[in-house]
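In the two complexes below, subunit A is the common chain; its partner is subunit B in one and subunit C in the other.
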Partner chain A sequence: MMSRSVWNWLALPMVLAFAAIFIPAIASFVLTSFHPSTGLGEVGPEWTLDNYVRVFNDETFMLGLARSVQLGIFTVLGTLILGAPLAYFIARQPSRFAIGVFTLLYVSSLTSIVIRGLGWITLLGNNGPINQALMGLGLIEAPIGLQGNMLGLTIAMVHYMLPFMVLTLLPVVQSIPTSLEEASAGLGGGFVRTARSVVIPLAMPGIVAGALLVFAMTISAFVIPRMVGGSTLRLTSLLIDQQMLTTYNYALGATLATILLALVVGVVVLSNLATRSRVRVG
Partner chain B sequence: MPVLSIEGLTKRFGSVVAVDGIDLVIEEGEFITLLGPSGCGKTTTIRMIGGYVSPTSGRIVLDGVDVTSTPSQTRNIGMVFQSYALFPHMSVGDNIAYPLKLRKWSRERIAERVGEMLDLVRLPQVAERYPSELSGGQQQRVALARALSYSPRMLLMDEALGALDAKLREYMQLEVRRIQQDLKITTVHVTHDQDEALGMSDRVVVMRESQIAQVAAPRELYDHPSSAYVADFVGRINFLPARVIGLEEGAAVLELDVAGLAPGSSTRVVAAQSPDVAIGARVQVGIRPEHMKLAPESAAQNSLAGSLRGTRFNGALEYLTLDIAPATSVVVVAGAEHSGTEPLHVRWPPDRVIVLPDE
Partner chain C sequence: MKLVSGLLTLWAGLIAAFLLAPLAIVLINSVGVEQYVIFPPSGFSFRWYGEIPDYYVDGAILSIALAFVAISVASLLAIPAGLAIARGSLPGRSLIDALLRSPIQIPLLISGVAFLQFFTLVRGWTGVGLADGFLGLVIAHTIVVSPYLLVAVVARLARYPDALDEAAYGMGASRLRVLFTITLPVIAPAIASGLFFAFLMSFDNVPTTVFLIQSGQTTLPLALFFDTELDLSRVQYAVGTIVTLISTAVILLAMRRFDLLPSARAGQRAAA
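Presenting the complex of A and B:
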C-alpha cells in the first residue's frame, strides 16, 4: 500500500496542468469584473464595485440570473425524476431491454448539441408533434406555446442533461447491495418505504453529485438556451455573450461570469456541508 | 399442525433446475439445517421460504395458509443474510427498530424492545454505533437481533456464520442455539459446514443436486446414513467394496472385494444391521475412522492389516492412513503416535458397520 503522500505526488502533474490552464483564465475575468469598462473591450486600471452595483440594480440582468437559476433547479428536478428510476432500472435489471435503453441514452449524449437543439425546435413548434399529439388526444384545444419560453427550454435541457444524471447515478446504485433491499422487504418494508429509507439515503452521494453536475452545466449552458429559448429568454449565459461580443463591455460580461461562478461554488460548498453531516456510509 | 410445509417445491433458472420438487415438513420450535455443497439448491430453497425467490412450481404453507405467492414483506419471517445486510447508514438501534417502526410501534415500546434484543444477543451499549464500527461477530448478532425483534413466525439463516473465524463460529453456534431455544422460534438454517449442521440442529436435511438426500436427527444421520453420499458428506468414513454372502435376522455377512489385501487381513465382514439387500448384491461397507481400533493381531472377521503410509495429528486425535492393498487405504484413529514399517492390525465391531447400496 502506497502512503498517502505518494498518491499526492502522483496527482501533482495533473493539478499543475489544471492550475496552469484554469487559474489564469478564471483570475482574468474575476479581476476584470472589478475594473470600470472604458468601452470596446477595454477596462480602466482603477478598482471599483460599480459593475456589481449595476448588475444588481438592473432588471434585465437580475431577471436573467433568476431565470438561469430557475432553469438549473427545474432541470435538476426533471433529470432526477426521470433519471433516478432509469438508473435504478438499468442497475437492477441488466436485461437486454435495459441495456438497449442505456445504449440509446448514451448514443444520444454523443450527438451534436446543435442537432439536438434543432430537433427540439421542430418538436416544440406550434405545429410540432407535441402540440399535435396533445390536441389529437383532446387535452388542449389550441397549441400551447413551447418555443421561446421556459417550459419548452426546460424540456429540452432535461433531455440534454439526462445522460449526465443517469451516468452519475448508475455506479452509485450498482454499489448498493441488493441484499439491503431484500432485508428491508423481509422486515416488512414495501417498495416506497425501501426506496425512501434505504435506497435513496445510500444513493445520496450520487444524487448530490449528479444534481451539482447538472446544475452547474445548466446555468452556464449556451447553445440550447440560444436555439430553443430564442432571444426573448435573456438568460445569464446569453447576456454574457451579448456583453462580450455585441456591446464589447468586457467588465460587465466578466461580472456576470463571476456571479455565475460564485453561484456554482456556493452550491458545491453548501451541498458538501449538507451531505457531510447527514450521509454516513460504512 | 406443522409450522411450515413445503410441497413439491421446484425452481428453474432457465434450463437449470436449482431445486427439484422437494417436500419437507417443519414442526413448531424445530431447528432445521439444510446441509449440502454449494450449488445443491439449499440457498434457493431458503430464499423461496423467505419469499425472495418465487418458485416455479410447488407450494409453501405457513400455519396452514398457502403463502407461495405472498411477498416477503407480509410473510412475517425473519431472515439473517449471509452478508448480514445491515443498513450502513443507520445506527445499530435504528437497524433493530426498523421493522418495529414499520409496524407502527410506539416510541417507548421500540426503545424498550431494542434494549431487550441487544441484551438477548449480549451486546448492550452498542445501540448508538454504526454497523461499520462493529466486528463481524457483533454485526452477526445485530442482524440476528433485527431479524427477531418483531417476533416473526419463523427465523431463516442463510450461511449466517460462514464469514466468522473458526473459534467465533463455534461460539456463535452455541449462542444462536441458546437464543433459538429461549425464544422457541422455528428456525431454518443453511450451511455447507457439517460441524455446524450436526452441532446446532434438531434435524438435518442433507441436499444433493437439487434434491433431498436424507432428513434425520444429527446422531441418526451420522450412525445410519441412507447413502454413501450422506455418509461421506457427514463426517469421515472408509468405504470398501463388498458382496453379500449371507443374511440372518437383519445381520449380514459380507465378503470384501478388494484386490491384493495385505497378509493377515480377513475378507469377511459381519454387519449387525443391513439395509434391504439380497444375497450376491454388491454393496459398500462403511466404517468410520474412530471405530477402527488398532489390535495386536488379526481376527477371523472384521479385521484388516496394513502398513502405515502416513499420520496426521490435528491436536486432539491422531489419524493413521494404512495401505491395506496396493490401491486401497483406510484412515483410522489411534490413541497414540505410531511409526515404523511393522504391519498394523485394525478391528471393528459388527454394530459399527454401515452397509450401503453400491452407487
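Presenting the complex of A and C:
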C-alpha cells in the first residue's frame, strides 16, 4: 500500500500562490478600509473607522446599498417565478423540446455578458422593439423608460441569473420521486394542490439555495448594472468602481468593497447552513 | 394533467424566446444597412463586418492569449492540488480545500479591487508595477479561474476506481508512471471540462480586468464594454455576433463532449 502523505506535497504550489498573492490581496483592501485617504490612490498609516462612519452616514452610499439589495430581491423573485416551472418541466418531461430549452439556457449562461448587455440596451431603448411594440399595440402613448431604471435593469438581471436558478433547482426536482406526485394525484389532489403540498416543500432546499446564490451574485454584479442601469442607478458595485477608478479614493472604495464582501460572505454562509440543516433533517 | 403539460410547454417556449431575444437583436442589428442604429433596419448589409477596427482584433488576441496563459498556469497549480486534496492526508484538509475554492465565492469585482490594491502596495514596496500590464492580468486571472479546475479534478477523483491504479502498482509500475499513464488519462475529460469553463471565465471577465487595465491595449469584452458606453454602432453588433456564433459552436460541442445534457440521466433519476 502506498502511503497517502506523499500526495500532500502536490498541494504546495497552489497553497503557496494563494498564501503569497490571494490572501494578501483580500487582506490589502480590507485593511485599506481602516486607513484614511490621503490623496489619489493613497492612504495614511493611521488606523480609523472614519470610512465606515462616512459610508453609513452618506445618502448616496446608503441608497446604493439599498438599491443593490432591492435589485437582489426583485431578481430572486423574477428568476423563481420564471425558473421554477421551467425546472419542473425539464425534470418531468425531458422531451426534445425541453432538452432544447435546457441547451439554450446553458448557451445563454455562457455567452459573453457584455454582448447580452448590448442586446438588452438595444431591446430596452426608447426606440427599441419593446417600446415600439407597446406603442404599436396602442398600449402606451409615449415610450416608457426602461433604460436606467429598476424595471429594465431587473428584466436584464433576471435574464442573466435565470440559468443559475434553474441549474440549482433542476437536480433537486429530479431527486423528488414521481411516485409521490402520483400518490397525491391518486388521492384526488389537483396540480396546484400537489405542487403546494408535495413538490414545493420537497424542493425547498433547492429554492433556498438558488435564491441565496442569485441574491449574492446580483448584489455584486457589475457589467449588466453598469450597461443597463447606467449612471442614474448608482448601485454599490458602480460606486466601488467610481471610487477606485474615477475619484481614486481607495479608502472609500475599499470600505464599500468590504461591506459588499461581508454581505456576500454572509449570504454564502447562510446558504451553507441552510443546505446542511436540510440534509440532516431530510 | 393535459392542460398543465400544455401550459408548462407554453411557459418553456416563452422563456426560450426571452433567452434568445438579446442575442437575436444583436444579430439583426449587425446586418442593418443604415449607419445610424435603428430597429428594424430598412435593409440588409454585411458591410459592418468588414469595418471592424483593428483594436477589436488586437483585443481578441489579447483575451485569447491571456486566457491560455492563465489556464496553463492554473493547470500547473490546480491539477496537483486536486490530487493532493483527493488522495493525500493533508492536515486541515477541509480548510485548505475551502481556501483554494474561495475565489469562486468572491465577486469578480471585489477580486479586481483586491488585486488593484495589492499591486499598488507591491509597487510601493518593490517598485514593480503589476496593476497595468499583462503579468498582473495573468496573476489575477490565474487565481480567479484555478478553483474551477480544482473542483473538476477533486470531483472526478472522488469517483475514481482506485483498483485501477493498484493493479498497475501490483505489476510493478512506478508511482509516476501510474500517474502519467493511468490516472491522468482517465481523468482527462474532467480536466478538459474544467479547462473549458476556466477559459470562458477568463475570456469574458470584465469586472476584474477593468481594474487592471488603465492604459494601452484592452481585452475584447472590455473594448466592447467601453465602446457601448459612448455610442452604439453597427460594428459593435457585428463583433458581438461573431463572438456569439463562435462561442455557441464551442459550447454546443463541449456540452456534447462532456455529457452536460440532462436527457437520459434525468429520466433514470426521476424513475428511480
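Keep this in mind: the second predicted complex is superposed on the first by the 243 of 282 C-alpha atoms of A that agree within 3 Å, B and C clash if a C-alpha of one lies under 4 Å from a C-alpha of the other, contacts with A are read in each partner's own complex, and residues count from 1 in each chain.
By definition in this document, a residue touches a chain if its C-beta (ideal position, glycine included) is under 8 Å from a C-beta of that chain, and two chains touch if they have at least 3 such contacts.
Bear in mind the structure is a predicted one, so any value in this text is a computation, not a measurement.
Per the definitions stated earlier, placing subunit B and subunit C onto a shared subunit A by superposition produces no clash, and the two fit side by side.
In the superposition on chain A, contact of A:Asn126 is made with neither subunit B nor subunit C.
Contacts of A:Thr60 after superposition: neither subunit B nor subunit C is touched. When both complexes are overlaid on chain A, the residue A:Phe22 reaches subunit C alone and has no touch with subunit B. Of the two partner chains placed by the overlay, only subunit B lies in contact with A:Leu180; subunit C stays clear of it.
Applying the stated contact rule after C-alpha superposition, one finds that A:Met244 touches subunit C and leaves subunit B untouched. In the superposition on chain A, A:Thr38 makes contact with neither subunit B nor subunit C. A count of residues in subunit A touched by subunit B and by subunit C gives the higher number to C.
Shortest separation of subunit B and subunit C in the overlay equals 8 Å (C-alpha atoms, whole Å).
Taken together, the two structures place residues 177, 185 of subunit A in contact with subunit B in one case and with subunit C in the other.
The touching residues of subunit C, counted against subunit A in their complex, run 1, 4-5, 8-9, 11-13, 15-16, 18-26, 29, 37-40, 76-78, 80-81, 83-85, 87-90, 96, 99-100, 102-103, 105-111, 113-118, 120-121, 139, 142-143, 146, 150, 169, 175, 200, 203-204, 206-207, 210-211, 214, 221, 224-225, 228-229, 232, 236-237, 240, 243-244, 247-248, 251-252, 255, 260-263, 266-267, 269-272. Of all residues in subunit A, only 2, 4-11, 13-15, 17-18, 21-26, 28-29, 32, 41, 82, 85-86, 88-94, 97-108, 110-123, 127-129, 132, 156, 159, 162, 170, 174-175, 177-178, 185, 191, 216-217, 220-223, 226-227, 237, 240-241, 244-245, 250, 253-254, 257, 260-261, 264-265, 268 touch subunit C in the complex they form. Residues 177, 179-180, 182-190, 193, 197-198, 201-202, 279-282 of subunit A touch subunit B in their complex.
Contacts from subunit B toward subunit A in the complex involve residues 50-52, 71-79, 81-83, 85-89, 98-99, 102-103, 130-133, 146-147, 150.
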